[in-house]
């Protein structure tokens, strides 16, 4: 028997943290999981090489929404590098529930979208420029 | 196999039970998979539109083939090879009889409906669709009857047009009428919608298409397991379906097409069996249907398909249809009674709807619905059911879907209703 | 499953028996079909090159799937659907391990080798072969690795060239060298000849082809059941094979191809599962390998293929090869001793020959040979074995063929020899 | 157990009747059964609307050779119409053995080739001309 629907997961689903739109996002990306129709837009405000602001919108199942809510809490304030290095298993730990293979994509959508948003950042700024922006 | 030859006296079949109505509860003994517990509850399998379960006679026919007479077909001059060939070709005849096809050589065995439709798109399509030629589909097609045509018109610079649907999921034939002015070469549509359950008026559409000079392909994947299919009466040109949705093994399916069409079509897959003579730089083709069956076929699966066709014939497809109609009627009443805020999609006229119930609970994602139902051993499908454009049209990200087969019962629907109450309890918490 | 871990002491395995040599006689207990009489004699099945028999573990894995967890894959968020998906993808991993493929996502499940080769011809071929481009095949190809390329070059106005063979059935690599000056886009050839048994030097040919800028496709249908296949060591680009010839169910097969190639290739069959997103007029494709697996796959057959791969791995493909080599050695001696006028074709060097013995008795048609052998329960194949051009090259109308598998024994060959004596007695009267 | 190889079948196979080549055939046809590599060439000399001469060459299994031998004996002297109307079941009766489905093509090759040769005749002569040739 799964225990996916623990109270805190449902709580994050009902009242997700960081749900909304940034006025002045540095980078943003829309990710989707077409198999279930989930879509998430992840927006980041980068300042001084740090994830100063983060917000997401979208629709999806409890797992994908709770995952986005928890993940955005987690990366807020992180350096861009640390956020980009955030791993799937860390997110799974954060979720604290057993995810079956069929639902893994739901759980990972937020992280994949975050990664894509950060990759867009890389692509627009030259690596040198990014490095220069970062505090030593 | 268990068939009740007399109409049931009890009320569950409704007043006008057909002769030989199904006793689904008794039939369940034929399906070994149903005799198990999932997460401590009896398995309630409500995903037959995705793939049906298989009765013992089918499972046993496949193992008997492997245990007793497994051999390649059309080749061996030895006892088990001749038996394998006879059973394989016998299965073709059974399938032909099942859909009342006039000639069993008009049945090409394929892996599934998808391959059957691709066969037509590659073979007939590439030979007959030219620049600017139109193909008319509908907004409710499964990806299997959409994407092959997208690839074809991309290659040939042809034109795809779509018959729109009404909000309750019926084809808008007055728009179809207008689209026919484009003089399409082909009209391709589903007999029964896998998502909404809509039963389309095949004969009427085929007659309209033919009058406009188009050929007609029907995707029968959701029809053959659930409604009587009579190829002669339908008056179509191509009819594709899957075996695994009609109680037969995975890996079985068929294309029926009119003999003249099959004969005129160039080959699709090439290799052994489909040839008459091969030289280094040219070859001649075998007769139909073998021209379209390159390589070693899925012999065991085809034999299983023949057995499944006979099993359904013995049940009587009228009885199957009547049974599923009752299940739909029951579900359309029982589910809203249990969870009043449920949204159910598709036609509400029971005569126009097969055994498919797509639904949503407000603000609960169908994935979560399905996942929680699984706690109670209930298997429903959640997602877009391979009809993304239809979901877009209906402005739905996804739906949950319960679908029925011969072994489904009102008790399954009661379990679903109870499960949905639990889903709401957990989510509305 | 029965494996003798120690080399046999007796002489039949020859001096240098490999570790874990097969005890084929004991293995036979794993193959229920062999435990029967045909025309009053025990079944002597010598047509494994056409299709092999299946061990209990494979037959039972298929029925267990239907009895316990039959469901569509990659879709259901319910227990049996997740189990079906895990077993289906697990089978892919087993098959990858079996041929030492670096990445299981490079395995595409197909119905058979024929479909695997057609997939490459349609997808890679139509995107990469242009007018005047050459494809180099050989004179010993099975129709499955010939006719798809004929269709492709006919469509594209390309050019087919053929590596000739020597009279004893070896590829003439000095001619191949010259053909490479045509700068072919593709070199496609069989690993092991189904008719002559020739084991081709895959690595050497692949290196020559690559040096000339060609990609390399190998038809492994007769290799995977009989010789160790190590994809990394072979250094090829595409490798196609059938499951049903390697103890797996009919309807199973696979294409292995390098990831970059699969990723760059356009889709072939279109429909559900192979898409990421579908709109009415355009679609995006799924990741490999699913991009090439449209529609409901033959799940049970694929699971059976995974079990067969493990079964063979447990036997040890070196041991399988050694066993079949001994059978060939025994047959090449025993048959001419029994019927001195027999003509046996193919390489006589045991290192270059797999477990296939094509033969003729003078002035007796192979059909008649096979038919009379059947009286004694002996199943051999007669005809052109889907290599008509090779038969033309060798100036043979047809041949009879005995072919071996893991369960074949010297006793089978003795039975064949005795049967051939009877054939001669009847015909020479 | 099959009893295909009765003495008279083997006898016809070893010493087929009407095996050879006609110098002045009215019509001839080569039929083949590629599955087994059998080939038969059937030649007919038509005179006065009758099959005056018939001969065949080719290679094949005992069944196909015996069948050609027996069939050519049978149609010699028949009217063109009667020869063209000769049926598969008649030929099977003539063979007098049980033919399994796998061997039916072998047995029928001679008849199919005969039919094709007679059809060639029809195609070259107009139906009227053929009718005129025939005795009333």
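Note that the chains take the letters A, B, C and D in the order they are written out, and that residue 1 is the start of every chain.
The criterion applied here is as follows: a residue touches a chain if its C-beta (ideal position, glycine included) is under 8 Å from a C-beta of that chain, and two chains touch if they have at least 3 such contacts.
As the structure is a computational prediction, the values presented were derived from the model and not from experiment.
Visitor: Identify the chains in contact with subunit C as well as subunit D, in label order.
Guide: A chain counts here if it touches both subunit C and subunit D, which gives B.
Visitor: Based on mean C-alpha positions, I'd like to know which chain lies farthest from subunit C.
Guide: So the chain farthest away from subunit C turns out to be A.
Visitor: Based only on mean CA positions, could you tell me how far subunit A sits from subunit D in angstrom?
Guide: Taking the average C-alpha coordinate of subunit A and of subunit D, the gap between them is 80 Å.
Visitor: What whole-Å value do you get for the distance between subunit B and subunit D if each is reduced to the mean of its CA atoms?
Guide: 48
Visitor: Would you mind pulling out the distance in Å between where the CA atoms of subunit B average out and where those of subunit C do?
Guide: Between these chains, centre-to-centre, one finds 33 Å.
Visitor: When you check subunit D against every other chain, which residues touch at least two of them?
Guide: Touching at least two other chains: 34-35, 103.
Visitor: What parts of subunit C, by residue number, touch at least two of the other chains?
Guide: Those would be 39, 76-77, 81, 275, 277, 367, 371, 374, 382-383, 388.
Visitor: Along subunit C, where are the residues that touch subunit D in the complex?
Guide: 39-40, 365-368, 371-372, 374-375, 382-384, 388, 391, 396-398, 426-427, 429
Visitor: Which positions of subunit B touch subunit C when the two form their complex?
Guide: Contacts found on subunit B: 32-33, 36, 38-39, 43, 45, 47, 50-51, 53-54, 58-59, 62-63, 66-72, 75-81, 111-115, 117-118, 121-122, 139, 142-144, 146-148, 150-151, 160, 162, 242, 244, 249-251, 267, 269-275, 277-283, 294-301, 367, 370-371, 373-374, 377-383, 386, 388-389, 392.
Visitor: Would you mind writing out the residues of subunit B in touch with subunit D in their complex?
Guide: For this pair, the touching residues of subunit B are 74-77, 81-82, 85-86, 275-277.
Visitor: Provide the residue numbers of subunit D that touch subunit B in the complex, in ascending order.
Guide: Counting only subunit D, the residues touching subunit B are 32, 34-35, 100-103.
Visitor: Quick check: in the complex, which residue numbers of subunit A touch subunit B?
Guide: Of all residues in subunit A, those touching subunit B are 1-2, 4-5, 7, 10, 34-39, 59-63, 103, 106.
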